[in-house]
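Next up: the structures, one after another.
Next, two complexes with chain A in common: one pairs it with chain B, the other with chain C.
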Partner chain A sequence: MSATAPLRNRTLSAEELARRERKIPEHYWGYILLAPAVLLVMALILYPVVYSFWLSFHSKHAYLPITKFIGFENFRRLFFESEDFWRSIELGAIYAFGSVTLQLVLGVSAALLLNQTFIGRTFIRGVTLFPYMVPTVVVVILFRWLFNDQFGFFPYMLDLLGMDRDAFLWVSPDHVMLTVILISTWTFFPFVVIGTLARLQTIDPELYAAAKVDGAGVFRRFIHVTLPQLASVLFVIVLLRFIFMFTKFDVIWLLTGASGLGYFVRTLPIYTFTVTFNQLQVGAGAALSVIMFLLLAAFAFVYFKLFKREENL
Partner chain B sequence: MANVVLDKVSKRFGSVAAVDEISLDMADGEFVVLIGPSGCGKSTTLRMVAGLEPVSGGQILFDGQVVNNLPPKHRDIAMVFQSYALYPHMTVAQNMAFGLKLKGYPKEEIRQRVDKAAGLLNIRELLGRKPRELSGGQRQRVAMGRAIVRDPKAFLFDEPLSNLDANLRAQMRVEIKRLHQQLETTVVYVTHDQIEAMTLADRIVLMKNGKIVQVGPPMEVYDNPVNKFSATFIGAPKMNFIPGRLVRDGADGLAIEIEGGRLAVAESRRATYEPMLDQPVEIGLRPEYLAVGKADRPGTAEFEAVIDVVEPMGSEALAFFRLGDVELAAKCDPHNSPRHGERVSFRADMTKMHLIDPRDESVVQVAR
Partner chain C sequence: MDELGGARKYISLATIYGFAALLLAICGFPLLWMVMTTLKPDSEIITAEPTLWTSAPHLEHYVRLFEQTNFLTYFKNSVLVAGSATLLSIFVATLAGYGITRFRFRGRENIAGMMLFTYMFAPIMIIVPFFILMRGYGLVNNHFGLVLAYTTFSLPFCMWLLRSFFQSIPLELEEAAMTDGASRLQAVVYVIVPLALPGVIAVSIFSFIVAWNDYIFTRTLINSDELKTLPVGVNDLVNATVIDWGMILAGGVVITIPALIFFIAVQRYLIAGWGAGAVKG
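And then the complex of A and B:
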């Protein structure tokens, strides 16, 4: 009977109390359990970022064991002695603005269409997402053929339209930027469609009914009901798409690679790659990536400042 | 202001008739409430009147003019929605002014109208705010303000109070009624809440499965339901239904034999009920016509039952009890109500009963 006395009635001996004290205090458990995640983030994100900042202040060759601290020399050279650098920023901006604008126009239009009721809508909605699911390598190889001077579909279309196909070579110095923008638009516009369509479906149909009763036609309903409702999601989509496109590497590189044509679409990420791995100047490459990072941070900052108020709609 | 006429109006979705040839004549300035369970076609009917839903058959007339093919903006109506449907990016004033602006009214007149409507609804201090900064009740007012500034031929309300809590709903109900008394505009009001229908309507239109079951002033529908559905839907607490059999009572009297008793039919109703003799019937009797006590006056009948639950509600109490399989309720004095388990006598006011024919659930109509 006495052996099964309730636990809470048992008085604790001094020794037992001391042992309890030695246990890890509860709040430390929080840190201990968080530690793996924190370590993972530090190792996988923080370390590379810090390392690339560190590298950007050094002269470092890719193969030769030379590492020399040179302060801001990498940046100075880029800013004041490199035409290629400024050109890459310009091309990068053209590419990002161009492709984001087209993606937005195409994506929002497609979403508006897909939000209508028609037979086979679910199927078409699925098909619309295809471009985003096809690996970029495949996309670029496909488009290379579609744009091919001799056998391609697009030059053939120029023929049909009665235009001189040789006067408009898609993959040529004059038009390669346009071609890259078109390919990128095709590949990435489904991203805009998904976000926009999801938002469109949550718009209260009574808002449209109210606008109809108020006397708003199709155009006014779009301006006064649809657009304001889309503002918040478009805000995020544009921000993300711009960051993605400004750092986009694969589409451009796969289409033009290290070929001479690449010179005409040498955006900032491509330029960074060439400096790092063709010219083997790792330090300068790191400086370029730091610049890219700071540019995007500045862009995001200004963007938020300008449009933040739209967010809480 | 206008009189609105529905002439055999139908709405079909594929082979399903959501609204089935309903005809209704709404007088200028009348407050008509469409009520019924969900899916009865009341909202669809309203949307057809608004012009938001094309009509599959029949005609809708405003002041004698067929408006079937007129878009909403040309029908000169204003609508208040369940979700309020305020434009979130516009201020209250802009929301109210939007329709007038699209119609091309001069700025000064818009301002005056908005100001007048805002005064009427006590929302002047909200004019500069955005909808998200408003409470549910305030949004409701703004939605009504947006309708009022239009000075329309008819107001259409689509379950406008459903998103409000009980207190606010009661308050807005009174306000809508007051507003209608001031504006004297035709109102078509859709709800599934029978209290709103009873309190607001000049006439109730009770619908079921796309058809009109009964039309009439609230108290008339309440007192003389045409069938069991109508009797059940209108009135709270709900009407009692007691199954029984109509039998001969004495030489020329009638009585209804129910579980545990016999209720003599009031003399005034004998002739009407005579044809149902020896048939199964159902008695419909509202809780207020059942009282604790003896059948000590003409036209009343008595039976006994054991009290199950008593619900005191302040001004009255409801006593629930069972007769066989059916649960019944009686209104009683909250200060002097019977207790659980007590066996008491109930007095049924047989002059207020409804005799329901179980075959088609119609109420045998008594000459009035």
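And then the complex of A and C:
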């Protein structure tokens, strides 16, 4: 009521506004209000995708003004002549699979914990979400410091545990993939926490009460009540996380750059960036972007199928 | 029986606090270590046997950061760019979120689907054509180009989130306000937006973080030092000559603080807001 009271005093201007509004048919307003958002997305996201498709059929150097149509030549070379390409797919899959698995384990455990009632829960929940808020560049610098082989915390821990600190170098060809997976897990697992926790809080407590009456212990309540309720949301989270990790650029790039070490974690996004900006082969780079786009579209298709089903529930 | 139940309760409480402590250590310790490192004298940083606490805390690394590097310039640029992108995203996404829930028109479902699809896009997939496009518009090495990039990239998620918020607000509320003599605009400003505020706040967090954290757009679009934003500027400090860990980590702390303050201020809206979005979008 209090919100509408001051409006009555301005009936005149309100009527005037209403009259102006009436000039435009209702459904046009939908288009007008959506126009800025749709135009931005079409011009700056969808158009570049189309442009990528066009470029991928051409041979183009970044600086030289020659653009030559070569059909599927870029793709043919990648598929049949480039070991680097297949390697980048393989490394990308390892990175995505490894980091999503760890994110899921840590994220779901944390969500289950935060769904309990205990003193300090709000505080712990806040701190749990911190890593997701820390800018990626800081995350990488921080872990480079923690893993630093001379002055870092983790090598020192190995020391204290009586192990040879030089036997396990975190940022080295042998272990850089593991290191990158651990860093990514740390910073992205809160995404899983948020999604899972939101769903956990909507589970009807009566389901647990009923299971308790039936004599189910903590473990069986988790298997028979919690897990089935979480299943669809976890599927969506895994799918999204996999897409995001498979296309992740900055964590890996900031840790290794194009340096020698980068070779050991050269996933598809890193390879794309290297081909485009270091080797200056814009056409081949675009072909890689197109491949990434098609893989994404396949995942998105599954997601939409599932999402439709979820929405109908 | 009762005693057994009591013991079991203690065990489960101990388990809960044990896990809570572990979670706190995993998430909090690296950040604590970073802050403590910045307060140490160099002799305690460059050592093979580091300690958490320092004997002589000081702020010299922060002083050096602001006096000897362009950090302050990067900071101003980041605030300007992220702030503008956030305001623009809120405005555009609110219009769109309202429009898509309150009006029936052809293609409505397609637009919603397109937003959900583009939410999954990563900048790396379009960075090349994006760069060529921006060069064509003369927006390379220009903050406005960055603002457009960040706004556009956060829009799909923001719109999706606000759509679900507007959907949850009953139409009757607006209709009641309008029968009371309010125009639609007034109904929206005085009735709907206040109710959708948690959503608007969640959107503002998301778009701020997207802009504040971005590396790849600034790296490709900006080439003069005085226009760089924090992530690129600070990363370039790491790659310069000998790494001054104390000073660089001080930079890390300063970059993180605005994001954390922003986050803490709006934390209570977050679980509700992101729940709606992260689960469904």
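A few comments on the model shown:
The criterion applied here is as follows: the second predicted complex is superposed on the first by the 257 of 313 C-alpha atoms of A that agree within 3 Å, B and C clash if a C-alpha of one lies under 4 Å from a C-alpha of the other, contacts with A are read in each partner's own complex, and residues count from 1 in each chain.
As a convention for this text, a contact is a pair of C-beta atoms (placed from the backbone, for glycine too) under 8 Å apart; a residue touches a chain by one contact, two chains touch by 3 or more.
Keep in mind it's a predicted model, so treat the numbers as computed, not measured.
When the two complexes are overlaid on their common chain A, residue A:Glu206 makes contact with chain B while staying clear of chain C. By the touch criterion defined above, A:Glu83 lies against neither chain B nor chain C after alignment on the C-alpha atoms of chain A. In the superposition on chain A, contact is made by A:Arg220 with chain B only, not with chain C. In the superposed model, A:Val138 lies in contact with chain C only, and not with chain B. In the superposed model, more residues of chain A are touched by C than by the other of chain B and chain C.
By the document's definition of touching, of the two partners only chain B reaches A:Pro228; chain C does not. By the touch criterion stated above, A:Asp164 is placed in contact with neither chain B nor chain C. Chain A residues in contact with chain B (one complex) as well as with chain C (other complex) do not exist. Against chain A, the residues of chain B that register as touching in their complex are 47, 50-52, 71-73, 77-79, 81-83, 85-90, 98-99, 102-103, 132, 146.
Considering their complex, residues 3-4, 7-8, 11, 14-15, 17-18, 21, 26-34, 36-38, 40-41, 43-49, 51-52, 55, 106, 109-110, 113, 116, 118, 120-121, 124-131, 133-138, 141-146, 148, 150-153, 156, 159, 186, 191, 194-195, 197-199, 201, 218, 233, 236-237, 240, 243-244, 247-250, 253-254, 257, 269, 272-273, 276-277, 282, 285-286, 289, 292-293, 296, 299-300, 303-304, 307, 310-311 of chain A touch chain C.
Of all the residues in chain C, the ones that touch chain A in their complex are 12-13, 16-17, 19-20, 23-24, 26-28, 30-31, 33-34, 37, 45-50, 92-93, 95-96, 98-100, 102-105, 108, 111, 113-118, 120-130, 132-133, 148-149, 151-153, 155-156, 159, 176-177, 180-186, 190-191, 194, 209, 212-213, 215-216, 220, 230-232, 234-235, 238-239, 245, 248-249, 252, 255-256, 259-260, 263-264, 267, 270-272, 274-276, 278-280. Chain A makes touch with chain B in their complex at residues 204, 206-207, 209-216, 220, 224-225, 228-229, 231, 312-313.
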